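Right, I'll just put the structure down here and ask away after.
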Amino acid sequence: MSHDVSSQLLNLACGLFLLTALGVLWRRQVSALVSLLTLQGALLTTIAVLLAAEHHSAAALAVAAGIGILKAGIVPWMLRRVHRLVPDARETRPLVNISASILAAAGLTLLGYAAARPLVAAASSASGRATPVGLAVVLIGFFLAATRQRAISQIIGVLLIDNGIAAVAFLATGGVPLVVELGVSADLALAVLVLQILTNRLHATFGSTDLDELRELHD
Amino acid sequence: MRPTVALYAPAAAPFLAAAFAAVLAWRTAAWASVLAAAATLGSGIALAAHTAHGSTLTSGFLRADALTAYLLIAVGAVATIACWAGVSHLRDELTADATAVGAARRYLVLVQLFLGCMCLAVLADNLGLLWVAVEATTIVTAFLVGHRRTRESVEAAWKYVVLCSVGIAIAFLGTVCVYAAAVATGAHGVTALNWTYLHAHAAELDPDLIRLAAGLVLLGFGTKAGLAPMHSWLPDAHSQAPAPVSALMSGVLLSVAFYAILRYKTMTDIALGPDYTRTLLLIAALASLAVAALLLIAQRDYKRLLAYSSIEHMGLVALGTAVGGRLALASVLLHILGHGLAKAVAFCSAGKILHTVRSPHIDAVRGLASRTPGLAAHFGLAIAALLGMPPFALFSSELGIARAGWAGGLGWAVAAAFVLVLVAFTAVARHTAAMLLGEQPGSPSTGGEPASTAGGGQGWLPLAVGLAAAVALGIWLGPLQRILDAAALIAGGS
Amino acid sequence: MNPIAAGLAATTGLAMCASVAAIGTPSRWRARVVGVLTAVSGTAGVAAGIAAVTGIGWRAELPGVLPLAGLTLDADALSGWFLVIVGAVTTVVGIYTIGYAGGDGRGPGSGTSLTVLPVFTAAMALVPVAGSVPTLLAVWELMAVASLLLVLTEHRHRAAVRSAGVWYAAMTQAGFVALLVGLLWLAAATGSVSFAGIRSAAGHLPAAVTGAVFLLCLAGFASKAGAVPLHPWLPRAHAEAPSHVSMLMSAAMVKLGVYGILRVGFDLLGGGPRWWWLVVAALGALSALYGIMQAAVAGDLKRLLAFSTSENIGLILLGIGFTGVLAHAGNTLAAGLAMTAVLLHTVNHAAFKTLLFAGAGSVVRATGTRHLDQLGGLVRPMPVTTAFVATGALAAAALPPGNGFVSEWLLLQAFLHPGQGADTALTIAAPLAVAVVALTTGVAVVTFVKAVGTGFLARPRSDCAARAVESPASMLTAMGVAAAGCVALAVVPALATPALTRVLAGLQLGGTPVNREVLGLHLAGTAASVRPLWLAVGIVAVTGTVAVTARSLGRARRRAIAWDCGDGPLTARMEYTATSFAEPLQRVFDDVLAPERDIDVTHDTESAYHVAAIRYHQQIPDRIENRLYRPVVDTVAAVGTRARALASGSVHRYLAYMLVALVVVLVAGVIR
Amino acid sequence: MTPWLVAVAQAALLALAAPLVVGVTRAVPARLAGRAGGRIAQPWRDLCKQLRKQPTSPADASMFFVAAPAVMMATSLIVAATGPFIAATSLFGGADLIVVVGLLLLGTVALALAGLDTGTAFGGMGASRAMVIAALVEPTLLLAVFALSFRVGSTDLSRIVAAGATEPARVFTPASLLAAAALAIATLAETGRIPVDNPATHLELTMVHEAMVLEYSGRDLALVEWAAALRLSILLGLLANLFAPWGVATSLDPMWLAVGAAVFIGKVCGLAALLSAGEVWTAKLRLFRVPELLAGSFFLGLLAVLASAILA
């Protein structure tokens, strides 16, 4: 695979990566969201693999494989289980309507591009130029978490943030060290697990996973 | 003890105790947890003896200098009190059938894992590992917050996990930025995130990138440290967790998260100059103090009251850190320890009040000093300590922060901060007076029987020890002075 | 060993022993042990103070104590003067405690209360010898927290104690913050935390800095001193605290506020521009007038005494203000005179207020009530207490031959000599000050006639007053010591002149212009003199002669029924009460006091023209408090209630906070 | 003559003359009203009769009641002995203005306490009213004389009088008239004359001084009345000597002292006549209007002090 093709592929993957994030913001069906997240996980894996290939690094390849298993495999699987267990959450309920969300996402993407300039400047390789994509996804994920009522969509928001950060890590530096990545991944998996259990408990105690119900604790 | 043993012991002992807790009877396991906490304290002291002269111990991913040792002492001391008080807490819960034996076991396991993660975070040489350990505390404590499985506690747990995960994720983004900057200086792999390396090469790091990283790290770890405006999870989680866990979370988890900020700051100060982080910290400090003061005024729940007081104290810690310099940082570190001890006692006695009165509302607690004088004395003294009254340690540390602030040209910020502290003081004093003073309410039906006065002497001893320590530290530091100076020197960036 | 050091060590050491003993001894012996140890500790304090006043300085540093700052002690003559006051009051209170707290081991006799009491006295003894900013702040705050705990002693018995405690806590902390900011600013500006360092560097500071520092310190110290309008805590705390604590607070603690103003204003900042002192004088005038007006209409004996404290502090501040103004005008003579008056009045007030609060404590202990309208007739069951209270009242009303008279005489003399070429402000201020002092004294006389006349004379107005019995010997002894102090200060104030000279020299005011005549005071450079001893002897001798002569002319006295208008025996309900006694005066000051009156007329059921009962209810609110503090408290409470919306419980809102913070940080990262 | 003797003589003179001055104040209105009236020496006869009678104490009264007449008499005597009435020399280092005011106040206080001590409504009422009046009068007294003190630079009454006699231009300013007016009103109030109090009334609702002394009888009453008369003479004497210091002896020469005594008696009697003549044309004020009058005189005094301080 030539360098050009590789970088073209990388750009393509990054573009799609951002698009999937926007898609998550746009779609209402939870099942569609999970599919989009799976796709995003796969795209992230692609980016990791492409970069690993570029650096000819076996360790990076292993990290990429791990990422793939976790983000395109385990995490979506867990989400689907939540979705099955909590049947009332077919649709997300946005607090901000979809068009406004997209508009906000556009603004956040711009901010991501602006803010990522030091990262782009510092990155050694051409792939660094795609870093802003990751940052934009982080912000979009954050926005999603802040504006969706269902518990599961908030989990998806957290996962988007995580994907975005992983993308930044890969694009800007070729991936954080293996040990760190292992720890981070384990933490992520556990966090999702915890959230899954908590979603079940929410459903059991509140009878729904509507986060607006969570207003017992306030001042 | 060989130094290396002391390096591994604090992280290992709790995990070992956790393993024990999974198999032993709850009572034995509870005492084992006290032992583990004491071991942490002991190894902290051992490390302190070794590093007080400025030397550093490194082994694998772990590393200890005076700052680490000091933090370990703080963690160990607070954990010892919290675990010790936890014994009687668990017994009360079990006798009142509020907790099943299985839940008690799970509780003990999780507390030890929590403690272990905190020690690991403090000892980590690698910034990645530091992050992993801090995030792990969130995961471990999630179930501790939701321990009671009521609507409120599940809600609190959800908010806790979501808000902290998002926050800590931002810190990871910051860590990635630092990594990128380190890679740009030619480092590879794990080394690039090693504290030792980063500190040595701080001057070469790309300032623009570090500027971005500094903001993100502050935001991220600031979430865990309970700084406004990322503090929202804190009152919910602290008010719902079992009392000893609240004590640990409020007393040391916040400080451990802040420790990460301290570490990063020494590096960013070299790479970037102190102005940027100082501005951010000042904003966070004043925002935290303002939020705490405002929400304390009309507070209705005494555990939330304590939680907001934690936010207030983290605001002061942030203020001191923003000021910088040896005096300010020594004050900050003393503040961390003093606050940990006082908050542990306050939360543990609040737990006993909850157990006695069975209501978290301030309005439900009346005439405590005539009903249960011992409990009222401990709670009242802990509050006095938290309000920064002499001879408790927090008086000295707040005075030190204020002094350093004026001397450092941040007099306006100190003045503003202490006006906010005054508002908080008045609010807390008013609520506490309402709870403690006055005649016992006429009908005992409101609060039920004073349920067994929470277990006699054994229940009080850890709290009394905590208060005594807080007083002692307010009068005379003794041998702790050396390690405090050394730690302040390191936190100040040398 | 330096005698000051020895004395201080003894004071603090004995106080700590007392504190520990309070925990360790059984309740039967507790009050005795603590009382004796406290009294001895106070005496040691007096000794240390006297040693310091003689001019031998002492300085010590204990870097290990008080983490991060270290303890610096520095005693000079000024320290000594106030140390004597604190020590003497402590001695009296110690003796008084033996009887006062020696009941059933509850309330003032409880272990907590008796443990904290010596801590309070020790902290007070350390305030005047604090030699650095952190030391002063630490002992100051320790004093505040200890006194707060003591104020709360009787919280189980009265709901008002809690409110008093909260007010006191809030205001004392506000004062502390003002001091903290002011003194740390000063320390930062001079680059030194020790008083010695500040003193030497303060001369080069910009006027704006010293002015702001002075105002902040003034606010802090004056609020502790109970000056109007920073006073609302004082009538509450003094009234609700057990009486031995009221004695300590009113006689000793508020004086330390005065000490602070002297130390910072004259010593550390070395005088200052005229406006500082005009502010102080204005504060003093306001305190004096408002304090005595409120005292005059107060029905609660301890509230009356508390507001009288505000009044006396007002007179002291007036003197301090004039000292500053006169010193600024270069009139050292009159400035020294004013400061002499100030220093003497601090001691005098300490002496008679100790005595009066001790008397009030005895009354409360004997009758269980503080309200003058329910007292009366105590002169028969409690003759000794009545005599002592009358002695104190004589002094407090500044009547000759009381000790209060001497200092007020000096104060008026100071106003009389604004000096040649005095500027307009001083020329106008001096006569106004005379008017303030004159009016204050006039109303003070009414106040104390009311206190003694309605509280102790005639018939008891309630059962509790009728059942009163005389206090135990220790309390009477304590009052006797205080009364002896009052008498000594009244007849031989001239003995203090050597000490005064040294204190004034320390404050850079030259020496005292008061010459010691043969047992009298003669003012250097002016023609005025007064001979308190002659005056006292003269009054007593002539009164005796008149009485004896008159008796020798006629027959023996006979008891008779008082004129009852022919309408059956007189009852206590026909007596004038404290409220009715003060009513005409209250009418005079109606516009200032704005009392709230309420008259309920109940008519007979059979005829609307027949009145069955009339109920008169009156309350005199503290208007300054209502106008100044109530809005602030209300606003803060409203803001606090509104602010609850910040934590609405919505996780989305919380995430939004974080998102905004993140966006801000990212934008800040981009823009520079 | 030695100062001691002069002082005793002065006190004796005032004490002896005081009832006569009261007699004058009673005779003048009587003549003006066309009545014959009592003799000028009638107050003296009353005193002598009362002194012989047995005193009574109310059942509930204590030592305060018994001591008050003596205290009142003693304070008045001390002032009479030391004040600058016949001679403006420093007897015992001079009579200090503040001391004089304090002593007079002490007498009032003693009587007010005695009034309260009787336990009757009248006693309390009189005490309450007398103290309120005193609270406003004493400051006025102090202020009015301070107007002169500011000029002389001393609160020593003898010095003020002496300075007025020797260099009137230095002491007296237009403001002195204000001070004189204030002092005159204060004198009226302090001595219980119309329009503040009616010395001849026994109507319960209006009396002040009489209400306080209602329970006194025999020699107690004699002492109280005598002391009250003495105070009248003292205050009139002060008024006369401070604002018209002519004729006051400035040395202890017996000749000058005799002249001084004669002039003094003349001045006081003149003032007393003037005062009582004025009373004929004036009505007593309502009790609650009295403070307005006193407040007015207080401000007059304040104005006088301010004016004299500023003009200094």
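Note that the chains are named A, B, C and D in the order they appear, and that numbering of residues resets to 1 at the start of each chain.
Rule of thumb we're sticking to: a residue touches a chain if its C-beta (ideal position, glycine included) is under 8 Å from a C-beta of that chain, and two chains touch if they have at least 3 such contacts.
Small disclaimer: the values here were computed from a predicted structure and weren't measured.
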Busiest interface, counting C-beta pairs, is C-D
Averaging over Cα atoms per chain, report the distance between chain A and chain D in Å. 100
Using mean CA coordinates as chain centres, what's the chain A-chain B distance in Å? 31
Can you check how far apart chain B and chain C are, centre to centre, with Cα atoms defining each centre and the answer in Å? 42
In whole angstrom, the CA-centroid distance of chain A from chain C equals 68
Scan chain B for residues touching two or more other chains and write them down. 158-159, 162, 166, 170, 211-212, 235, 295, 298
If a residue has to touch 2 or more other chains to count, which residues of chain C qualify? 643-644, 646-647, 651, 655, 658, 662, 666, 669
Chain D, residues touching no fewer than two other chains: none
Can you list every touching chain pair? A-B, A-C, B-C, C-D
So, in the complex, the side of chain A touching chain B is made of residues 115, 117-119, 121-124, 135, 138, 142, 145, 151, 154, 157-158, 161-162, 165, 168-169, 172-174, 176-180, 183-184, 186-187, 190-191, 194-195, 198, 201-202, 205-206, 211, 214, 216-217, 219
Under the definition above, what is the set of chain C residues touching chain D in their complex? 377, 379-380, 397-400, 405, 408-409, 412-413, 416-418, 424, 427-428, 430-432, 434-435, 438-439, 441-443, 445-446, 449-450, 452-454, 457-459, 520, 526-531, 534-535, 538-539, 542-547, 550-551, 553-564, 570, 572, 574-576, 580-585, 587-588
Name, in rising order, each residue of chain B that touches chain A in their complex. 61, 126, 128-129, 131-132, 135-136, 138-139, 142-143, 146, 149-152, 154-159, 161-162, 165-166, 169-170, 172-173, 175-177, 179-181, 183-184, 189-190, 192-193, 206, 208-209, 211-212, 235-236, 239-240, 295, 298-300, 304
The chain C residues in contact with chain B across the complex are 64-69, 112, 133-134, 137-138, 141-142, 145, 152, 155-157, 159, 161-162, 165-166, 169-170, 173-174, 177, 180-181, 184-185, 187-188, 191, 193, 636-637, 639-641, 643-644, 646-647, 651, 653-655, 657-658, 660-662, 665-666, 668-669, 672
Which residues of chain B touch chain C once you look at their complex with the stated criterion? 158-159, 162-163, 166-167, 170, 211-212, 215-216, 218-219, 223, 229-230, 232-233, 235, 280, 291, 294-298, 327, 330-331, 334, 367, 369-370, 377, 384, 389-391, 393, 395-397, 399-400, 402-403, 405-407, 411, 414-415, 418-419, 421-423, 425-427, 429-430, 433-434, 437-439, 473-478, 481
